[in-house]
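Chain IDs A, B, C and D follow the sequence of writing; residue 1 opens each chain.
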Amino acid sequence: MTEQAKKPKKQTRLHEIWVQLKRNKLAVVSMFVLIALVLVAILAPVLAPYYYDEQNVANKYAPPSAEHLLGTDKLGRDILSRLIYGTRASLTMGIVAVLIGGLIGILIGAISGYYGNWVDNLMMRLLDIYQAIPMFLLCVALAAILGASLRNAIIALGLGIVPGYARIMRASVMTVRETEYIESAKSINCGVFRIITKHIIPNAIGPMIVQLTMGVGSCILSGAALSYIGLGVQPPTPEWGSMISEARAVMRQYPTHAIYPGICIMIAVLACNLLGDGLRDALDPRLKN
Amino acid sequence: MAPLLEVHNLKKYFKTKAGPLHAVDDVTFTLDTGKTLGVVGESGCGKSTLGRTLLHLTDVTDGKIFFEGEDITYPSRSKLKKLREQMQIIFQDPFSSLDPRMTVGEAIMEPLKMRGGMSKADMQAKTKELMDTVGLAARFEHSYPHELDGGRRQRIGIARALSLDPKFIVCDEPVSALDVSIQAQVINLMLDLQEERGFAYMFVTHDLSVVKYISDEIMVMYLGQMVEKAPSDELFANTLHPYSKALLSAIPIPKYPNNTKRILIEGEITSPINPKPGCRFAARCRYACEACSQPQKLEEYTPGHYVACCRYKELINIKEEM
Amino acid sequence: MAEKLLEIKNLSVEYHSDEDILYAVNNVNLTLEPGETLGLVGETGAGKTTIAKSIMRILPAAQAEITSGEILYRGENLLALKEKEMQKVRGNKIAMIFQDPMTALNPVETVGYQIAEAIKRHNKISRNEAADRAGDMLEMVGIPRERLGEYPHQFSGGMKQRVVIAMALACNPELLLADEPTTALDVTIQAQVLDMMRGLKEKLGTSVILITHDFGVVADFCTAVAVTYAGEIIERGSVDRIFNNPQHPYTQGLFNSLPSLEATSRRLKPIKGLMPDPTALPPGCRFCERCEYATEECAKKAPEIYEVEPGHTVKCFRARRDD
Amino acid sequence: MLKYIGKRLLMLIPTMLGIALVVLIIIDLTPGDPARVLLGTNATEEQVEELREELGLNKPFLVRYWEFVKNVCQGNFGSSIMTQRPVFSEMLMRFRYTLVLVVFGTIFSTILGIPIGIYAANHTHTWKDSLAIFLSLICVSMPSFWFALLMIRFFGVKLQWLPISGIEDWKGWILPCVAMALGLMALIARQMRSDMLEVLRQDYITTARSKGLSERKVVYRHALKNAIIPVIMVIGGVFGSSLGGSLITEVIFSIPGLGQYIMTGLNNRDYPVIQSGILIISTLFAIIILIVDVVFALVDPRIRSQYTRRKKNKGGKSDDGTGKEAKKANATA
């Protein structure tokens, strides 16, 4: 229990998490799936057999074949290529929205949690009001009013998820703030800035990372929903949600056209959730020692 | 020469919804270099708050604190920085008082870094030296606290407190989380260090056998107030305050056969929120009388032995019976 | 001699985690006579609680495994009982009190319900009768019966521990396992609770195994002592023998480590080193690395249990000489 | 307790004022001139100006806010620009559709989610648990509108058991409710499972076992009663957020509920509809959260006594709270 500390080299925190995470095979697989999806998004022009907007009306609704592995849609566009290009919009929506929402949320939560008192009270009351509007409704309203586009959908999603992150961050900052090691840091003259950046954030960020990972998944889902009702990515740019929406009209004849993008969404979101679960276990102090 | 630390009528109240919580109420004492003051009492008596207030980890509500003859009750920012180098604290729980994200070396070096004025190599050398002083093997430098046992972790806490060469250290129940055999190791280390470096300890604890062992003087607290203060041996030989008597007799003594009579006190500790004036122990005291509802004065029984009980003179001759 | 109340034979318990096997209890033998009060003393991780939980068979099923041994209660092996039969023993014949009264009570049930539940489980009586008896139990531990309808959070720590004790004694068990019942309490409250427990023990004639790390509590409360170290019982005897004539170097070391109220010297004599890692126990005597008398034999071979005097057994080669 | 509810109801007022403010700010975000957007590019400058006057867009922001609040206080939620019908009565008419959808969705997800969660928690480290977790994860990760489409295709088109859209009889409700419930059910099941596992680790469960209680009693009486408390919170949240989530289900199944009304309003930039619609839904949401909090307080004696005990012994004996209170006070100091 105690003697394992003999390793001469300093173990980094990241390494430690990785060691824990490695035990959870599903989480590791999910991580690779996510990395692969990001690569697909970046390398879409290389990987996709056709350009996403390459039309061939003569060959519309073609069944799967050697040229078009998943067939073609109503304009004769290659479905596989559109799925590959669609990764870009979907992942961007998930990741960027979470970055925006997470960043603002962490900031609000950290300030609110550290200062407490009236600052905290004020911020929490404001969040209460903001949260009184159901999140999806808020996103829809924002996206609709700002005008349907990828950028506005991202802004809408990002603003919609701020309160959740702010609350989680606030809670974990408050827990950390109460610990004796923060008092100990004060007693050796650590300033507020150092206490927040060196002691509180590194210790409070754990639950946040889990939430951010899962948040990417839920933003991909909500983003797809926005696109489905026409408030997200605009045609002809492909996006999984809007592809389902387009395929809806031909659901009777060509159900697979709606099934493929749905599966893509599911895989991406599932990977985020599984990785999030795995990270939660890896970061859980109870499992340690 | 002025004593190292002088505290006059120190008060610390916390605001709560139900009213002010009198955590520390009117505590007065002095402490000389190289001496140890033991502070004992049960949970909620304000002993930990007292230590934290002295170190300005929370604000003073009222009273005066002098350090080396200088008034430090409300120090300026720069003064506080200097003070904190001279006054340090060792915490109770070696599990929660160390940042889990910092290695042993980093944790010990942090105070040096905060003080500044040392090269990195010097700091590293000093860290090694400190680890050696507190008996931590060099191989633990890159370990994380959770990889170590309680005793070693507490040694890290001690090294951190020592690193700035303080003159006064508050020890907030430093050994109560440790097993007896480890506890003895840590106590010996603390005594050795005191002999070597001559700093003063304020030793806060609920364990009376430890406090008798380590202190020159002992202060007994009840609900924020000091009820009795005396040199260590004197307190155990001539306990005056009914609460101190009950407290001392309640310690289970590891001796068999053990014929000491227990004085059981009824009831449990009351709330320190909005207390009534007068003796706070009166509600549980079997000798309580009307005079006890008046504020109690601290009286000197023999030189250095103070007690805050209006009936202590009558009680000296009463034999406690079960 | 009367029938033994409890007899533990060669009990071994392991905990399994992902990488390691933790040897928590190793070949423990322990007997308890009816009416005896045994103090099971040792430091953190010595296996005291595991022994008690093995008797109750409430070890966490997923990690813990009893690898060998028998626990005979009035001659019947508890480890061989079916779960259903064991449930009739738990709380009825053998009861247990836990260390932390703050977490030992269900926060969303009234204390009255929690006590009555134990009574109803083991006696064929109506709900009202059970509630009535629960009230009697509360009064017995010094709490007015009006408080039956209150919830645990309305009680202070000392009061909660009284409730836990009332619950444990509700069915008048023959054996009470008390796992550090006063550690979480302040000294004056500890004195109250111990005093009350002593009275009840005498009144009801319950045998007690008191798990503690505090020799002071043992001297105060017990008639016999068993000292545990690294999952073994290394010395057992009457309180008088253990306190006034300890034989095992570890027991001696523990007494030397204690700051005494009568001490004159300003130095304690601690035992050097730490308890061995329970996932990698040394092959010989578990204490040999820290023992000032250790010989080569100690490092190689584990000592047997030697009886130095009737009823006083020691697991150390130094006790062998007399044979 | 009544005092608590009253206090919470009072708190609704600033919340509603805040929501109204947020809604107006959102509308103010509209790029360009809303009147111009409404009338299209062909409108003349006069027409636009006239509409601006009519909508009150020429007035300063705070005046518009004040008028909106004043009108709402008088029960006047405005009328739709498109249909000229009053927003409130229109919403009242559509409310029952959304309500049925949300209530049944929540009930479905609760009565399925809770047992699944308990079952999984009772079978940890077995394939049953793994399967339950994995299935619920898939449900959480699936776009609900996609699943709805698949169900329509399968039950409506292929098997022709159920109608594919519209609400003529009870059959029409089945698919929409299931579509609503699926993800939420998985959410509840996951929460239930993790809370149950957490509670089963607690000391008082060991205490209950050591009383000799049967495993059934330990799990269903002692553990469940504690574990269900945080789940109630989640169910409340689920219920409330499905007020917003029902929008997409309503669109798919062409159910004339509140969501669709607001959606139409948004598409047409029908500002009175958007303003009042969001305000009304959010108020409903806030009321639901309030009800959940009250239920929560009734279930958990620790919270319940916070509101009832105060009268009984005022600041008198505190139970072991001294240290904690000091710490809390310390934190705020």
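Quick notes on this one:
Rule of thumb we're sticking to: contacts are C-beta pairs under 8 Å (C-beta built on N, C-alpha and C of every residue); 3 or more make two chains touch, one makes a residue touch a chain.
This one's a predicted model, so the numbers in the text were calculated from it and none came from an experiment.
Counted as hops between touching chains, the shortest connection from chain C to chain D is 1.
Set side by side, the interfaces B-C and A-B show unequal numbers of C-beta pairs in contact, with more at B-C.
Spacing of chain B relative to chain C, judged by their CA centroids, is 32 angstrom.
Distance between chain A and chain B, defined via averaged C-alpha coordinates, is recorded as 50 Å.
Each chain gets one centre point, the mean of its Cα atoms, and the points for chain A and chain D are 22 Å apart.
Centroids of chain B and chain D (each the mean of its C-alpha atoms) stand 51 Å apart.
Counting partner chains per residue, chain C shows two or more touched chains at residues 156, 159, 274. In chain D, the positions touching at least two other chains are 332.
Residue positions of chain B with contacts to 2 or more other chains are 43, 149, 269. Note for the complex: chain C touches chain D at residues 56, 58, 62, 83, 87-92, 95-96, 98, 100, 102-109, 117-118, 121-122, 151, 153-157, 159, 164, 167.
By the touch rule above, chain B contacts chain C in their complex via residues 42-43, 149, 151, 179-185, 187-188, 191, 206, 208-210, 212-214, 236, 246-247, 249-258, 262, 264-265, 268-269.
Chain contact summary for the complex, chain C toward chain B: residues 43-44, 156, 158-159, 186-192, 194-195, 213-220, 239-240, 243-244, 253-261, 263, 266-272, 274.
Of all residues in chain D, only 124-125, 202-204, 206-215, 222, 225-226, 229, 299-302, 305, 309, 319-320 touch chain C in the complex they form. Those residues of chain D lying in contact with chain A across their complex are 14-15, 18-19, 21-23, 26-27, 29-31, 137-138, 140-147, 149-150, 152-153, 157, 240-241, 243-245, 247-248, 251, 259, 262-263, 266-267, 269, 274, 278, 281-283, 285-286, 289, 327, 331-332.
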